[in-house]
Each structure stands twice: as structure tokens, then as C-alpha cells.
């Protein structure tokens, strides 16, 4: 699958700010809502048909509402009205070419992030926009695609593993973001393996013209993936780094070390991307040098062969001339002598080229 | 249409600061004024012949005065006197090689921005300078060209769509800037499509010498457009980012989220430009590699052919010599033997080159 | 005229700090002083022979003393003593390889700037160092060369044009700096025209080897000019930007908008230089690509021709052999058959190369 | 030994934050604990079997606990419980793809650093993660590998050399970090020697195609080592620079000059890495230029030879034609005349090429 | 003389911090002390055998102690004890691969700088480390080599020239640093002259293959010198810039303008180095372009010649065939006709190549 890197904004051009319109590609997917309501004692899990059906955060419970598929503008608008979400925030949720960002309202945080997942059995990354609304007792997440990216969190919720059921909505939000960042590591590992296999191919067969065009194309494609990855990762770091500094009080003090750990992970993702870019550009230089080296070696050998035979052919041409008066032609030892001259000349040239290390 | 990137300042050199002189190319266009006066109940729209004819901001109404065509210095000066505009501001309005900037006076904001529009049915961007004067009840905009760039705002004003008629002059200014930034997205989309089509051509026909010179020229032209775009976009971001921090009180608190949204859009424009530059430079490298690869492959095959035939021709030349005493010439089996030798030599060379993967 | 970019400091090495010595090239020029003394009612203008002859700033008048030619150390020292100028400042005035800078004393500002002028009828820029000493009622300027760079200011002083005669010494200093920055625009325009003409030549004749060496040399020279220009412009911006922040009270509040305007101009100069550098490097890349493209195309066509004829020549060589027993030679249809074979082979190769798009 | 630069995170993906899992390669190594307990009068040194066996910091003594081999998660967990270490810190200790970092708790510092050692008799660097926990009377270090990196500190402890026994745990931590940074210098020296030997090879034999492919490969490998080194050194500097600014009071005032000295050393390591990168890229450019120069020289000489003989062969070919009416063939002086013509032509071409300096 | 850029630290590795060991190359030089004791009335100058012999700063006199040759660790240690110098400072003085730095103690400043001198009659720069200890009435300088770098200061001290005898130890320190920075200008001038002469050679003989390898080697060597120079100059600027901000009160207010002047000089050194680097990289690009241009021109001409003669040789080959039935051979006008055909073909090709501008 090819990325289209064209920013799609035109569809909105001319509309009033705040108009709701899903700008992504997944237009056939139905909008689907799934909710967890839990505290340390119990957990309830249900698909939600109408937004009015769930009762978030009563009796000190935490509610996580996960919305997948953003095409049903009506449902999104209902959610917006039920939970008093600002129209520009709703627009950002649907406008999936959004840059990762963090908005900090009084008692609510809004985040847009990019998630990359690798559908099982394939190496093609699937990019989607994930939006978070984080409140005191509630987390709402909006995904473009239904996938298993947050399944590790769901499992921990169901099994009451770790501290997730004992903590608040802020820890849930952290756990979801941590899962999201983990998927970057999975993708980085795939990229790293592709990079290493390119490197192995280059070392095994430096400057092989046969595999050449393929190799440069792979390098170019990898570079493209890196550019996309980098474009998501830099603002991701800003967003995670900004979380600690929000004054909204959504994140409690006990969750801060986890945020710091998450921030360290995003920095590591970023540095690995930069490292890979550096490796890739070195690989590219090395490949081009090897290719040019090989080409030079080939041309040189071939040219040397031609250069040896051209003067010999000239000599043969001379004695192929039909002049009546060519005294050499009559001499009995002339023919072997010419052979001797030609062999001597060839030998001399070979030795000279050897000495000059041209051969 | 070719951009001229020469900065035209000479015409002004030697004049006293504050002299009025239009430095742009559109010298034939007549200066034309158009005014909207509105509040949430009513809207009046009229062409304005003399600046004295309009009565801005009476009875709590908002006035938007749009001036197109900057050649009529007299009219500009009249506007300046009527609304007490600083001479240096008037000079900046007419000096259309101005860098985008924001000036913050006591109760008035002055902005110079660059707008790019695509006249319908063409891909040639049209750049013009747009200046804004924003006051409590009034917005004055100065355009070099009469075009439909602000028609979406006009439509919303006439149809009372969205919140524009219910809000103040600051929201009007925001809506106009938002329209201006939207045109950058339209232009970016055109550039993105051109970039993708170049990429497709390159993948379809890597290193095709026939299409080659054209491709590199397209890449160069696209790069040029990017340089111009970038030059406008960087200060645009500064200007929009600076709006929030002005102490002039022109922008009310309710408009600030919209300004932040606008700022996010300008950042996105900027990052897309950087992304495209990155893609373009990768594309260029890839193209040059493919070209050089292809050239190498061609030269190699051709040189190999020559290298095989040159020794054979030498052998033929030897037996074309006219020496009287060449015993081989008499032997009946000599001719087929020479053929055999030549075929064997050719076969050996072909196999050797194959093994070395030179063929 | 070639720039010498060698920094000349040696002449001073070993001398005590504060020693006066002119380090520039214009050693033959006589030092010459010219003074304007004016207020809004009257203006007096005179050449000054001895520094004691002028009476600066009496009766609320403003005095502008312009010194051209810095070779006469004695006169410079006299000025220094008369107006209590710090020895290090005098040294900086004479040390004309100085970097542009701003020194802020109690009631006096000292500035070193670089000025570029284009002597009429030529495109060779002339660089000189211009130093400013700005006090409450007085401006002293030191130029290396007598030229017409400040004539526009003189004209406005004589004709009482604009606000110059009504304002103080700070506005005079601003007007002089504005004239200096205007000359950068004139120079930029010349550079821009040279850049555009190079671009036109390249588009008209991409990769023309004939004009090639010339083109690359022009690009190199233009790049050199840019490097010099850039070296002056970056600190110029710092100096002008620093003027607003001086605490010396030399610049009055009414002059500040003009300083801001001047600062915007220096930023524009700087950005234009960066733009030109960017254009130039793109032009260079494009030129080298075009050259290499053209070279490749030529070599390819030529090699293809050789490759077609070499096998044919081999066939002809075979039937030029003198073996007694070559049955083909006797056959009547052999000669036309060989022609047929050779033509078929040639045709086949041409078609093959066409198909491969090598021809 | 090849570095694998793939970031290994996947094993953890899906686990709850705080799960303990060693992510490194040294899975066979047994976890081993060694403790020093000392003050200025006495020093005790012992292998520790169970963590409960040591009594840290009683009676004002300092305790250094060194743990090598991180595979035994149980032991690490015991240490964590005994000394109340935060679960995220324990996770960072085991997660050995960690970026160097500094965490600052109330009365305890946690550091992750990278150490490079050169096993004796080899030039292959061995990278490992070293974690420090520094408290008032105790330092705990975690190494992946058992090696002699800290032997210089152990020796000074045993011999009561320098001030180490007289100072507190903070000086011990400094001494350990100083030893760690010293190993970077040892590695830098090896890299510097490899760089110099490459330079010498290049100067001795510029553009030697024989040694060529090897040279570029060595350059590429050295560049790779630099990239890894740089990746560790940049955050190392941050960590050491951050130590002075911690508010935990672990570092006493008398130790601060030593920290500053250590910081200067890390800056020097960093600048040397940058210098080597710069040298290496210069070396690479120079090598490629030399290679291309040499190739050009070879091709030129060979092409000149071919160019001289091709016209001569043509002349010989003409007089090898078998036309019945070729009057020149009958002339007695024709054959020597042809020789004369051919020699003259050859001489002329040689002189022309010499004049043009093509030969 | 070749720089060795290997950082020598290993000799120290394993030693306790604060151990004294000279790491430089000048191991044979004897340590030598020379002292000036002066005030505005008198000056005494003497070689010092034992450190106890001098009586610094009694009776308000200023003492300058200059130590050359750092091999005698004992003497250095004596100086350290006599003047209470911190052991880490002494170590930095002897560790001559030190990075330039400034340490600010209570009533004492410690500086490490790099000095470059050009021994008379040679262009080989000699680098050494110079350390300064500056106190209220005393300056101690440590040089690796005995040379005349500070002779200009000594002369001014002896002759009571300028303000040096009338000022304090801070002015003496400034004068010494000023002399040190002056030597950078001398070196820069030498580098500038070498750069200009390379440029002249390139303009005089663009792309001359004969002088080629030499030119690229000179460029590479100059680049190397720049890298070393730059490595010293960047921290030099930091050190001089930091002097003004020290709170130690060593520098009096009257000396501050001189420090600012010195700082401007170091900035100028730094910018000149950057300018030269820029020029050098432009020169390198230009040289490589010229070389490649020239190569292309040569190859093209040679290939064109070959391409013209190869088809002609084929025609001659055809009529050298020995078929019995070749009717053309019998025709009397056939031979001149073949000549005509061959000349026409050659002329046509020459014209075609001329038109295509390949010749």
C-alpha cells in the first residue's frame, strides 16, 4: 500500500470553521462505540448503541469510551453534545490530517496522536489518527480503524492486572498512550530488520548491478517510511512532554513518574528514527560508492582489453594492404616476425598496465 | 508565468521614508472599494466610490472595507487620512515586496500577509500581498488583485451562516485569515499532486533518458515553487503566532481558540512544505541514481559487445595479411579451425562476463 | 575587481591596544571633513579644515560631521580629543576589517557598519566601512571613500523635505542608516538580475558544454559575492536590532517606529540573501545535472554507433582472410548474402537499441 | 562482531509497565554480587550470596554493591525490595536498550549510562549498560558483563590511594563514572589510530583501485562506530551536566569541582567524536575524489591510444580493398608514402594531445 | 609536520584524579621560569631557579611568572604548593589535550587556551597549550614551548609603553591574551594567502588534470588545518566571553572595555574561520566541477573521432573481402566512388556533431 502524502484540506475549503466532515479514507467503516466502566472491585464492558445509554463516572467509577470509525458525523456530534465538547475539537477529531497536538482546557485534556499498527502477517504499516479526551473520571478515544492496538489494556482491565483498575482515569490514559508508543517500537523493529537486511545484502554483494536497481529502490522506500514516521514522532514528543506541564490537574502526582517514563520512550523512538536515518544515508552513500567502484573496475578492464588489441589490429591491417611493392611480404621470416612483434607489443602493454595497476 | 524573484526596492531608493509608491506589477488595475456593514440582524453591501461615503461602525455595526488594486496612490492616501493610518503603514501596504509582518498599535493591528490563489482552470499560482488593518469595529483589507479568494466569507456574511454575523470585527479578521490560509492548502494539494505524479513517472520508468531532462526540470521548478512558498509561510506562522500575544485588546477571549486553530493550520502548512522539500530532495537523489544506474548498465553492455568483437576482428585481420609465406593459409582445415577458435574465444568471453555479472 | 578576503591584522600585531593605524587599501585618499549644522529654520553647510572651526550643537542646532578618507591619523586623533572619544573606538574606526558592531556608552552610541555601493556605470560593488558616533545633538560619520551614498539625505536636508529638519540627531542617524541599507537593496537587485540571467541561459541551453565552463564560473563568482554580502548583513541585523534596546536614551520614542521599519528592511535584505543562496545552489545542481545528462546522452549515441559497426567490421574481416580453402568465396550469391546478413544484423541491433530506448 | 542496531522492545510490548524482563543478549551469564564496605580506616570486600547478608552503611561506613549479569530477575527484585527501589527504575535497569538518563528522587539518584570496553587483545568494542543508584552511604552499580572496567577504583579502595577512602559515597560514584568515561578515551584512541592509518594508506596510495573497495568499507565501518558512539555520548553529557543541578543533596560541595572536571571530560569526548566524524567525512570525500581522478586518468590515456590507432587502421583498411583499378597500388613509393602519412598523422595527434595535456 | 589528532588520554587511564603527568610531546624541554615584578615606577626581570626566590606582589607590585616547558612535574607541583593551586588545576595544566576552558574560583581565575605560532621562516603552525592563573597582584602563565609569542608584552613592560605598567594584573592578563589572539590573525592571514593562491591556480588552469591531484590534496590539507583551528577557536570565544561575567572581581571595571574589544576580535577570528571554510568548500566544488567538465570535454572529442572512423573502416573492410563475385570491384570508377562515399559520410557526421555541438 502506498502512502499518499497529499494533505487533504480542500474538501473543507470554503466551509465555515467548525463544520464536521471526516477527511479520511475509511469511508465505508461503520462507527462503533465500546465502553468499559470499572473500579477496583468490578468491571463492566459493553457495546454502546446510543450515547445516552452509558452513565459515565457515577459512583466513583471510571469510564472508557472507545469510538472506532469516524464516518458517522451524526454520532460524533451526539457525543460532542452529550459531553460538551468544543466544536473545533470535534472538527479536529474528524480532520484526520491533523498534526499531533495537545489542547488543555479547564478540566479536560484533548490530544490528537498518530498510531501505526502492523496488521498481522504483513509488514505494511497502517497509520491512523487517534484522539483522546481525558477528564476526571472518563477517557474517550476516537480511532479511525477497529483494530487490536489497545487489546493489551483491555486485557489488563478485565484481569485486574497491574495497577490499572486501582488507579484513576489519568492512569488509563497513560496506559493507552503507552500501548500506542509501544506500537512505534514494533514498527521500528520491522524497519530495523529491513535496514539490516539491506546492509547484509550490500556486504554480501557490493555493487552488484543485477540487484542494484532493486537495492536503491528499497533504500528510497525505507527513507520514505522514515520521513513519515519522523513527521509523527516529533510532535508526539512535544505532546507527551507537554502533558506534565498542563495545569488542568487531570494528571495526579502519582502518575507523573509514568508520564516521565513514557516521555523517555518517545525520546528513544525519536532518536532511533534519527539513528536509522543516519544509517540509511550512510548505507546509501556506501551503495553508490560500491556501484561506481564496480562500474569503474568493469570499464577499466574492458577498455584495457580494447586498448591492447587496437594497435595489433592496426599492424595486421598494414600487412593486409594490397600494394604491389611491399618488400616485407616476400620475406619468408616476415610472418613469424610480425607475430613476434605483435606478441611482444601485447606483452609489453599488459606488463605496463599491470605495473600501473590498471589491470 | 515565471516568478521574478528580484526584490524591487530601487524605485524607492533616495525617496524619503513614508513616500507612497506602488512597487508591484499590476499597474493597470483600477483601485476599487467594496464595503460590508453588518450586525447580527442586517447586512448592507455596496461598492464605494469615495471614502467619505461609508459610515463605519455606527450603531455597533461592523464594517469590512475591501480595497483591490493598489495603483491609485491618491485613494490609498485618502483612506489613510480618513482613518488616521501611520505613513509608514501606508508605505508598507504599497510596498508589495514586503515581508509578512505584524504591527501592534494601541487600538489597531496592522498585518501584511502573502496570499496564493490558483485562477480557475490553471495550475499557475498567483501571488499577491494582502494587508489587514483591524480595529474595534472595522477591518480594512488591501488586495493587489480582484479575485474570489474571500468569497466564502462574503457568502457566510450574506447568508448569516455560522457565527460570523453574531461576532465582532476580530472574528471577521480571523475568518478572512482562515480563508487566506485555506488557499495555501489548495496550493499545497496541487503541489502534492505534481510531486506524486513525478514519483509515479519515476517508478514507472526509472532512469529513462528520454523523459529524463524533462523530469529533472520539473523537479527543479517544483523546488523553486517550494522556496517561494516557504519564504511566505515561515513569517506567516510568526505573524499568526504573534496575534495571540498582542496587548492591543483587539482580539476578544472567545476568538482565541479560533486563533489557536488557525495557528495549528499554519504550522501544518509549514510542516507540509518541509515534508515536500524532503520528498523532493529524495526524489531528486533517486532520479539521479536511477539515471546513472541506467547509463552504467547501457555503457557496460555496449562495451562488453565491443570487447568481444575486437579480439575476433584482430584474428581475422591476421589472416587477411598478404605475406607470401603463411603456411596456415594453405591448410584445408585452417578456415574452419579459425572459425572454431573465434567461436570458442567469444563463448569463453561471454561466459566469463556472465560469471562476473558484467553482462 | 577581485575581493581579497584575507583579514589584515598583522600590521597591528605587536602594537599596544589603542594604537591608531589605518588598515585599509585607500591610502592615497586625503582626509576631508564636511559639516551640516541645521534646525527646522535654517541649514548651514561647509567644508571643515580644522576640527576647532565648527561649533556643534549650540543653540539647539543639530550638527552632522562627515569624515571621508581615513588615512590622516592625526586628524582622526584631533576629532577624538575634541569630542572625547575612547581610544579603542578610534582604533575600531581605522581598523576597517572590523565586524559590524554597536557600542553603547552613557550618552553616546558607536556603530561600525559595512556599506556597499555601485559606482555608476559598473556592476562591481565597492565595499567600505562606515562608522557612526551618535550623540544628543551631533552625528559623526567616518567613510573610507568619498562617494554619493548619503546624497539623498543631504538633498532632504537642503530642501527641508520630509521630517528630517524638524527632528533630532537620532532621526538624522536613522536617515543615514536607511540610506546605507537602501544601497544593499540596489546591490541585491543587481545580483538578482545576474541570477535570473544565469537561469535564463541555463533554460535556453541546458547542459551546453560550450557555454558550460563559463556558466559554472559565473555561479561560483555569484556565490562568492553572496558569501561576502552575508558576512556583512548578519551582524548588520544584530546592530539595528540592538539599537532599540540601548538604554542610552539617544533614540527618542517618536523615532522608534522608524527603527522598527529599518529593522524589517535589514531582515528582508538577509532573507533575500538566503533566498538567492538557495536559488543559486538549486541552479548549480540543475546545471550539473543538465551537463551530466547531456554528456551521458552524447556518449550513449556515440557508443551505440560504434557497437553497431564493430560486429559488422568483424564479418567483413572474416571474408577478407586469405585462406585458400574458403568455399563461401566461390559462391556467386555469397557477397549479396553477406550484405544481407550485415544489414539484418544492423537493423536488428538498431531496433533492439530503440526498444531499450538506448538510441 | 557486528552491532545489531535494532531496538528490542517487542518482548515487552503488551506487558504492564513495571514488569521485569532482561532485554539484553547476555542471557547465560549468572547474576553475581560483590560488595565493598569501607571507611578511611578499614575496607572489607566480599562476594554476596544473598542480599540480606550485607549491612550497608552502618557505623558511618560506605557500601558499594556491584551487580554483574542481569538475567536473574529474582535477585534484582530482591535488591529492589530490600532498598525500596521504584518498579520503573528496576525495569530501566533490565531494559538495556535504555537511553542514558538521570532520575532524581528525594534522597537517591538513579543513572543509566553506556560503557564501552575493549577486551584485552582485541579492537572490538563491547558495549554494555551500567546503572547507578547513589544514596547517602551507598552506591549500587548494575553491569551486564563481568569485566575489569572498575578495577582501577577497586585498587584505589584496597590501597587507600588518593582521597577515595576519606570521602563519601558521592566521591565513590564520581570515581566510578570517571573510570567509565576514561574507557571512552581508550576507545577514542583506538578509533583515532584507525582513522590515521586510513589517512596514511590514502596518502601513500591515492586512488588505488586495488585497495579501494577495502578502504571505502573501512571508512563506512568507522562511520558506523562513530554513529553508535555519538548516540551514547550526547546523553552522557546531559546526564553528567545534570548531576550538578540535582537538588537531592547527594553530591556534597567538595565533590563539585570533580564533577565539573568530569563534565569537561565528557565534553571533550563529544568534541573528539565530532572531530573524527568531520575528519572521516573529509577523508571519504578525498578518497572518492582520488578514485575518480585516477579512473579519469586511466580512461583518458586508454582512450587517447585508441583514438590514435583508429584512423591509422582506417587508412590501412582502405589499401586493403580489392578494387581492380586502384592506381596507388602500382606505385613503387606508395607503400613507404602510406607509412609516412600514418606516422605523421600519429605524431601530429600525439603532439596535439600533449599540447592539450590530454596525454 | 603532520598533526596527530589522536586524543592522548590513555596514559592517565587508571590513575587517580589529580595525578600529575605531562601528556604532551615536548618531553625533552627543560622547565624554565621567568619573572617580571613591576609597578608604574620600576620593573625587575629575572630568571627564577627556585620558586621560593620570588616575592610576588609585595608593596603593591605586580608579578608575572612565565613557566615554559611542562615536563618537570616536580617544579609544577612546587608552584602549586607555594600558591595554593587546586590539584585538578595542576592536572589540567599538564594535561595538554585539554579543551580551552575557564574556571572561576573565589579570588583567582584559571584559564586554559590554545596558542598557534608560526616559527619564523616557515608556514607550519605550532600549537601549544597556554594556561593562565590570574590573581589580584599576580599572573602565572604556563607554556609548553619557549617562544617569542609574548615578546610584544615584554617589550611594552620594559619600555613602559601604553598603559600596561600603570594598570593592574588584570590588564597584564588582557595584554597577554590579546597577544595570543593576535597570533591567530597571523595564522589566518597565512591560511588566507594559501586559499587565495589555490583560487588563483584554479582560475588560471581550470580542471588541469596535471595539477589536479596536487590541488585536491592542498584543499584537503587546508580543510584539515581549518578543522583544528575551529576546534580551538569556538571554546576560545566562550572563555573570553565568560571573562566579563565572572564574579571573582579579578577584572576591574576599567579593563572591561578592553575585554569587550578582545571578545570582538575572537568573534572575528571565528567568523573568518567560518568564511574560509565556506570559501574552501566552494573552491572544492568548483574544482571538482572543472575537473569533471574537462574530462567530459576530452572524452567527448575522442569518442567523436572514433565514431567517425569506425563506419569508414567498416566500408573499407567490405571491399577488402575476397569474394569471387563482387561486381563493384571490376568497375573503374568504384574506387573513387568509395572515397567519395567515405568523405561524404565523414563530412555529414562532422556537420551533424557540430550542429549538436558535440564537437
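We just call them A, B, C, D and E in the order they show up, numbering each chain from 1.
One rule holds in what follows: a contact is a pair of C-beta atoms (placed from the backbone, for glycine too) under 8 Å apart; a residue touches a chain by one contact, two chains touch by 3 or more.
All figures in this text were calculated on a predicted structure; none of them were measured in a lab.
Number of steps on the shortest path from chain B to chain C, with steps defined by chain touch: 1.
Taking each chain's centre as the mean of its C-alpha atoms, chain B lies 43 Å from chain D.
Measuring from the averaged C-alpha position of chain C to that of chain E gives a distance of 26 Å. Touching two or more other chains at once are residues 299, 303, 306, 310, 313, 317, 320-322, 326 of chain C. Here the chains make one closed ring, and walking it from chain D through chain E gives D, E, C, B, A. By the touch rule above, chain A contacts chain D in their complex via residues 152, 156, 161-164, 175, 178, 182-183, 185-186, 188-189, 192-193, 195-196, 206, 257-258, 260-261, 264, 267-268, 271-272, 275-276, 278-279, 282, 285-286, 289-290, 293, 296-297, 299-300, 303-304, 306-307, 310-311, 313-314, 317-318, 320-326, 356-358.
Across the complex, chain E is touched by residues 4-10, 12-18, 86, 88, 92, 97-99, 101, 103, 208-210, 212-213, 216-217, 220, 223-224, 227, 231, 284, 288, 291, 295, 298-299, 302-303, 305-306, 309-310, 312-313, 316-317, 319-322, 326, 328-332, 334-335, 338 of chain C.
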